[in-house]
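What follows are several structures.
Each of the two complexes below includes subunit A, the first together with subunit B, the second together with subunit C.
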Partner chain A sequence: MIRGLWDRETVALLLLAALMPVALMWLWFGGIDAVARLALALVVSGAWHGVFMLARAQPPSLAGALAALAVAMLAPEDLGLFRLVLGISFGAVFGELVFGGWGRNVVNPATVTLAFLGFGFPAFPWPEFVAPVAWAAIPAAALGIALGVMPFGVVAGATAVAGLALAAGADLGPVLPVAGLVLVLLVCDPVASAATPLGRWLNGALYAALVLVFAAGWAGAAPVQVCVAAALLASLAAPLLDEAAIALWLQQRRRRHGRP
Partner chain B sequence: MPARPSLWTTLTAPLLRENPVTLQILGICSALAVTTSLATALTMAASLTVVLTLAAGLISVIRHHIPDTIRLIVQIVIIASLVIVIDQVLQAWFFEISQALSVFVGLITTNCLVLGRTEAYARHNPPLPSMVDALGNALGYSLILVIIGALRELFGKGELMGLAVLPLADQGGWFTPLSLMLLAPSAFFLLGGLVWAIRTLRPEQAETPEHAPMGRGEPAE
Partner chain C sequence: MVTEEAAIGVSPGEELRVDLLVEEGAAVAEGAAVARLRDAPGIALVAPMPARVGRVGLRPGHRLSEIVLFREAGGDVATHDRAGADTPAGLVRLMQAAGVWRRLRRRPFGRMPAAAERPAAIFVMAADTRPHAPDLHVDAEALARGLAALARLTDGPVCLCAPPGALPGLTGPRLRRIAVGPRHPQGLPGLCLHAAFPARPDAPVWDLHAEDAAHLGTLLATGRLPQTRRVTVAGPALTETRTLTCQIGADLRALAYGAVQPGPHRILSGSALDGHEARFLAPLHRQATVLPGPAAARVPHWFLSALTRSALPRPVIPSAALHQAAGGAFPVMAMVRALSIGDDETAVKLGALSLLEEDLALIDYVTGAEPPLAHHLRALLDRAEAEAAP
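Here is the complex of A and B:
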């Protein structure tokens, strides 16, 4: 889409609007502490967008606020100012801005930040969420899909695999609500997730399957850690899944219509 | 044939302007693997410098006698012999560092940087320029290795060459080590940042983009 209402910032704004249930619920229960974290993440992320606007003439994007929200909610606790700033800077610059800004990045900058913080400072505790915040992921996903900014296939694929696993008797325990939150905040990013219909289903299914495997086999991992690792791997696999979906489609065409 | 550049240019060009690691992205494997501390990085750099310089000299001396069809085998035999000598020397006098470097000294044989210089330069030039060119390239490689090794050891352990530089938090200081720096990905990030920094300072090193970005019809940025 080149002209009209739908440009990049519209998508970013609608995504922000879709995430409002989660964000407001988290701010309500988190109090002043949560506000301070969010403000810090917004300032650092915004500063880097500003630097790249000045240095490379890259238009700043409201998507920086999306990443800041996800980082503020999911980053390990008690990190201190310096480590948090370092992690957000790393994610924003190496995850997104160096590729040319939102829309050209390969992985979600928030996922990069969280993986960096998780692997770099393994000693710090991961956050836990009260039930209402986790429930708010459902209206957020519904809003995102209805507004057309979150991929339906990803949510459906993840739900299908999780549903199958629960029906088969898997006990996810505290991981399940966090997995829903991370699905909405990180995996459903329209840029970093798969772009073909089949690829999206596979992407969501892969995320859910990875969460299941990690939850069962990764001893001593916190729920958020499990879900962030699954989100990172799922978004790294997204181009591969797209490639597979396109190859399948080409093969189908060749079978139906003969040589292309 | 253009006039051969002066020896000084041959020596200094590969340090920054034509650095084998940051411009040609050669020798990455060992640059990532041995840079967890400055001591191993220095040892690796010294080993590669010796091997590359001697190999270039030897190959250049017999360059008119190497049949083209088996030139790679001849070059690898020469390089491998030198690597074995270096490896034995390290094991004899620097056993601990040799253990830390594990297979990577042996893998100098297959380092694309070494074969690249002998194949591209030493095979066509007299011994002295060949050795100077090899020395320059090896020093360029060493420079990158030392920079990355120093950064990783400094921020990963708060030490340089095993001596405490930044006081650690658990010993009453203020510095909390970044354990990520000791993992392989951090070397990728540092190397990427270094390449980025050099290409920002010297834009002629940047590759031309493969795709023009789609836009609103404005000229591509």
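Here is the complex of A and C:
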């Protein structure tokens, strides 16, 4: 018998490769400050993976680096060492590791970290991104879809809803580029998003719709805050969307065959 | 090519309680009965070539493991009595006595059908998309006769699964054509069946290969059942890929002889995806695979094995590769989750009873799932079979 290569670590590695345009662009413009934040996130995330490896015999995963990258890019600024470490630890442990590691978690650990930091320390300013970093989300999404590790339906659903809104005259302003970044960094996690084709379209559409609603109605919220909240709710709704898609599939099948 | 040795064996996991009809050392004609099933004496296991019975392997309770035969050149070929084959009961009797029954597979559960069973549909597979699967070469006239005979065994459709445009001109009562795509796993009977006519415990569906359906046609015309099949021998440890016509249950070492690269190797019956190591070709297989190996049995460090073995089953990450490995037939992540946590109800709802191990083999290959999903599926089918048993 022979064995293929699409196991968990291959997917994590390819996701990391797909995010390289965004990561490199951000490091290029962020300078030494960005490097320090990424190093801190990697060290804290890696340490927790090490702890769970020793205490619970869970193999460490490269997915920890994915979460670390997202946190380093999107976390509020000037938090200070203690708050940042606390947030990353909370996200890594309660978002992923207590469930048994990447592949068994419900929500992306970076989303948990960012929601925790955002709601726990609301006084700190959220980061802003220069245009090239936001543009880099497009090649990242294209790479991820071409490599088959990012769900096409999520990107397509979000793009469709955003396109419709723009055509209808909605003014997203500074939210749009950040929404694209958050889409590739958080929402397109294959584990935390929906897994059926229809569910994925719905998941992407829901994310974009939530961004639109929050952008229009959430006075005083920063673009990253809006997008992270939308990503959190969209990924919490993913199992429900999957369940709906499967129920629809079963119903079609019953109609066609008169049996499940 | 007919090998010097061949065996009448069982598929992995199959239990056949048999009564032997011949002694060790006795001569048998090609197509003559060698053993009968204890529970259904009408169903015979027949010799695939004129032979002398070499060794009979029985496990406790008269359970067959294998009957090894040595070829005797110039032996007889048994002719079966075709009288009464125009009635359904007579046809069933002839098929059981001549050994065609052995080439049928029933879903759910993937075993030989019971003697008195009437299927809800029959699938005839004129396509095989497994890597290195043999091309189909059948006599269209014999196939048409076989399909017409099969239609008498069921009140439902006889589905001919073939690539678009293949086997033109075939018509028959209740014959339904199903176009099959060229990529694996589209040509697996399980996925065709899952899409077109799902199997249920109270509505079983049979499947057989088009070659065997054509052989049934030949049996009805001449009274003699051909005992050969087209088989490919392929794999990375071979210098050439062979396609040959050999008897059922052929000796795999003889088939690969002369083409194996130097060094240790393993011979599988079946494709590299769903095969198992064996000495003789399994009853339903049309492929043999030769792999280099055996892999060096290196014992991993205790710390590494503590890390990797305690985290089983390994998580499966949804990817485009996983979706294609299921052929788009069912919501694959839902099926993977239901199978690996033992949620039988959901898995059955998604159509697990139409599937067999071979249908999930590509998913296991692609994701390197451990333990393989095929094992989970077999456990589910065994539980469901025990539940459905009277």
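FYI, the second predicted complex is superposed on the first by the 257 of 260 C-alpha atoms of A that agree within 3 Å, B and C clash if a C-alpha of one lies under 4 Å from a C-alpha of the other, contacts with A are read in each partner's own complex, and residues count from 1 in each chain.
In this section, contacts are C-beta pairs under 8 Å (C-beta built on N, C-alpha and C of every residue); 3 or more make two chains touch, one makes a residue touch a chain.
These numbers come from a predicted model, not from an experiment.
J.: So in the superposed three-chain picture, is A:A57 touching just subunit B, just subunit C, both, or none of them (first/second/both/neither)?
T.: Touch status of A:A57: both partners.
J.: Scan A:V11 for contacts with subunit B and subunit C and give back first, second, both or neither.
T.: After superposing on A, A:V11 lies in contact with subunit C but is clear of subunit B.
J.: Under the stated touch criterion, which partner chain does A:W218 make contact with: subunit B (first), subunit C (second), both, or neither?
T.: In the superposed model, A:W218 contacts neither subunit B nor subunit C.
J.: Look at the residues of subunit A and decide whether subunit B or subunit C touches more of them.
T.: In the superposed model, C touches more residues of subunit A.
J.: After the superposition on A, what does A:G100 contact: first (subunit B), second (subunit C), both or neither?
T.: both
J.: So in the superposed three-chain picture, is A:W28 touching just subunit B, just subunit C, both, or none of them (first/second/both/neither)?
T.: neither
J.: Using the superposition on chain A as set up above, list the residues of subunit A that contact both subunit B and subunit C.
T.: In the superposed arrangement, which is not itself an observed complex, subunit A uses residues 2-3, 57-58, 100, 104 for both subunit B and subunit C.
J.: If you look only at subunit A, which of its residues touch subunit B in the complex?
T.: 2-3, 56-58, 83, 90, 94, 98, 100, 104, 116, 119-122
J.: Which residues, counting only subunit A, touch subunit C once they are in their complex?
T.: Interface residues on the subunit A side: 1-8, 11-12, 53, 57-59, 100-104, 148-149, 151-152, 190-191, 195-196, 242, 245-246, 249-250, 253, 257, 259-260.
J.: Flag every residue of subunit B that touches subunit A in the complex, lowest number first.
T.: Per the stated touch rule, the residues are 176, 178-180, 183, 185, 189, 192, 196, 213, 216-217, 221.
J.: Would you mind writing out the residues of subunit C in touch with subunit A in their complex?
T.: Checking each residue of subunit C against subunit A gives 197-198, 200, 203, 268, 272-273, 275, 291, 306-308, 310-311, 314-322, 331-334, 348-351, 365-368.
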